[in-house]
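Going by the order they are written in, the chains are A, B, C and D; count residues from 1 in each one.
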Amino acid sequence: MPTIAETVMSEADLAAFIEREFPQVRGDFAVERLTQDGVVIRLKVGERHLRPGGTISGPSIFGLADVAVYLALLARIGPVALAVTTSASVDFLRKPEAGRDLIAEARLLKLGRVLVVGDVLIRSEGSEAPVARASMTYSIPPERPQALPSA
Amino acid sequence: MPTIAETVMSEADLAAFIEREFPQVRGDFAVERLTQDGVVIRLKVGERHLRPGGTISGPSIFGLADVAVYLALLARIGPVALAVTTSASVDFLRKPEAGRDLIAEARLLKLGRVLVVGDVLIRSEGSEAPVARASMTYSIPPERPQALPSA
Amino acid sequence: MPTIAETVMSEADLAAFIEREFPQVRGDFAVERLTQDGVVIRLKVGERHLRPGGTISGPSIFGLADVAVYLALLARIGPVALAVTTSASVDFLRKPEAGRDLIAEARLLKLGRVLVVGDVLIRSEGSEAPVARASMTYSIPPERPQALPSA
Amino acid sequence: MPTIAETVMSEADLAAFIEREFPQVRGDFAVERLTQDGVVIRLKVGERHLRPGGTISGPSIFGLADVAVYLALLARIGPVALAVTTSASVDFLRKPEAGRDLIAEARLLKLGRVLVVGDVLIRSEGSEAPVARASMTYSIPPERPQALPSA
């Protein structure tokens, strides 16, 4: 039974996992470090994340929150499980600083057999005041019995 | 004072507005029709919205919900106001049908002077069962007093 | 496998269920009617639901939303299952009309084996404009295998 | 302009405020202590907060979250302002411990002129694992110009 305090993947494992499984967002995220109850993820802000006026798009911030809590989870249960986002609540608090990456600090609040809940604070690099906060819920599908060979 | 029942922009006005103001998502959305209390928006699903296994990414669904309620609002207050998304709550209900567009049906629940709230149901085209539901809040900045000429 | 379209409890069954299982809120709620995808519930507003100024308290509105979606669920799966509220998102839209009951119109959006999601619009009786909207998620615990007699 | 770091009400001021303004919940809450960015509030769990099986009711947990963030706010802006809850998102994480009070640790994330956002973790006294987390948004009505005497 996995616990929040015990990780089974390293920062490098998580980075390799994103690279391999999510080619569509390749290069967007960096795994900064594992923490006691979560993980810190960087969004390497580029042209495609911006909106007119230089602000970072809502979907980019949502995607960062989702990836951060998801990786906090995978670091505890390993890359095998197929967790699915079932709900998200996001508050957009202030405009990000122009020309800076976003840093997401995610922590797990519940690591159940079926439901996993975490929250995340997102800041512009070098700033204290949060740009957004989000809470995310994931559902872990029940393990299917192994198919019998040649069955 | 704008009301939900009265629109000041047509479908074509809204389409032109997206085209002009959001070049980054050009071609992603189509304005299907204005409704009594909202608007129906289509996400023209393409390669860039997909995740492994052919499912549509969370940020794409979030972006569709955000655009849909935002356009429901603009249709009532006109293209001038600078509304900002302040919060979002999304439930992901089931996997979208492969190879189909998403259709978002947004309605406004409150059109206040400062806060605007709407919700949205998102379905795969041709299906009844919703893929996601979301509620979105926007804040409308107070009008600044006009600068006096040569003041 | 239960479906949203098929009910297994009547209005009277639901009323008797509240009466029996939730003595603490006895007399607070009335089951107005079952609908195609949900149920309509009345909060009989009394002194204990009010706050200074005659407005209805946040916890009372939350409780109404919770009970309404919960009963929409029970009407489909029957009174046996022990569903647990796992998350709630509520928008408070306007002040209720003084001296009127609240009417909650709940509908189920997903009736899964494990997760159930519904949303609800709450109005003052006789008014069109909603006082609040909420979405609620319930988790249904897995059925435990029946203990074998004398096992 | 108020800031999160600076408080203008003491623990005793907050306790007196609840006592005076919210007679309906008299005796339910205790102000444990002000913190750097928020406040710690205790729900003195009594018979009226319970549900069958000895668990604490959803509305009681919602009410605790709401009061906690509200008092975190008032401690910074003073008892005059009439802040209104505009939205709430709550995750129920695990069953509270029987026979224990709930302790809510609230912090402010944004203290704007119009919108205030905070979040809160709720635990059973003496336990580390959270029972619930919530985020709350309040809207502060614009100051009305003072009525002129005999106007």
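The rule we apply is simple: contacts are C-beta pairs under 8 Å (C-beta built on N, C-alpha and C of every residue); 3 or more make two chains touch, one makes a residue touch a chain.
Since we're looking at a predicted model, the values are computed, not measured.
**Q** Name the chain pair with more contacting C-beta pairs, choosing from C-D and B-D.
**A** If we tally the contacting C-beta pairs, C-D comes out ahead.
**Q** Centre-to-centre on C-alpha atoms, which chain is most distant from chain B?
**A** So the farthest one, by centre of C-alpha atoms, is D.
**Q** Between chain B and chain D, what is the gap in Å from one C-alpha centre to the other?
**A** Their C-alpha centroids are separated by 33 Å.
**Q** Please report how many Å separate the Cα centroid of chain B from that of chain C, as a whole number.
**A** Chain centroid spacing, chain B to chain C, equals 29 Å.
**Q** Would you mind pulling out the distance in Å between where the CA atoms of chain C average out and where those of chain D do?
**A** Centre separation, chain C to chain D: 25 Å.
**Q** Please output the residue numbers of chain B that touch at least 2 other chains, ranges allowed.
**A** Counting only residues that touch two or more other chains, chain B contributes 86-87, 89, 91, 137.
**Q** Give the list of chain A residues in touch with chain D in this complex.
**A** Contacts found on chain A: 89, 91, 93-94, 109-110, 117, 119, 121, 129-130, 133, 135, 137.
**Q** Per the contact definition, I'd like the list of chain C residues that touch chain D in the complex.
**A** Touch residues, chain C against chain D: 21-22, 24, 48, 50-52, 57-60, 62-63, 66, 84-92.
**Q** Along chain A, where are the residues that touch chain C in the complex?
**A** Going through chain A, the ones touching chain C are 86-87, 89, 114-115, 137, 139, 142.
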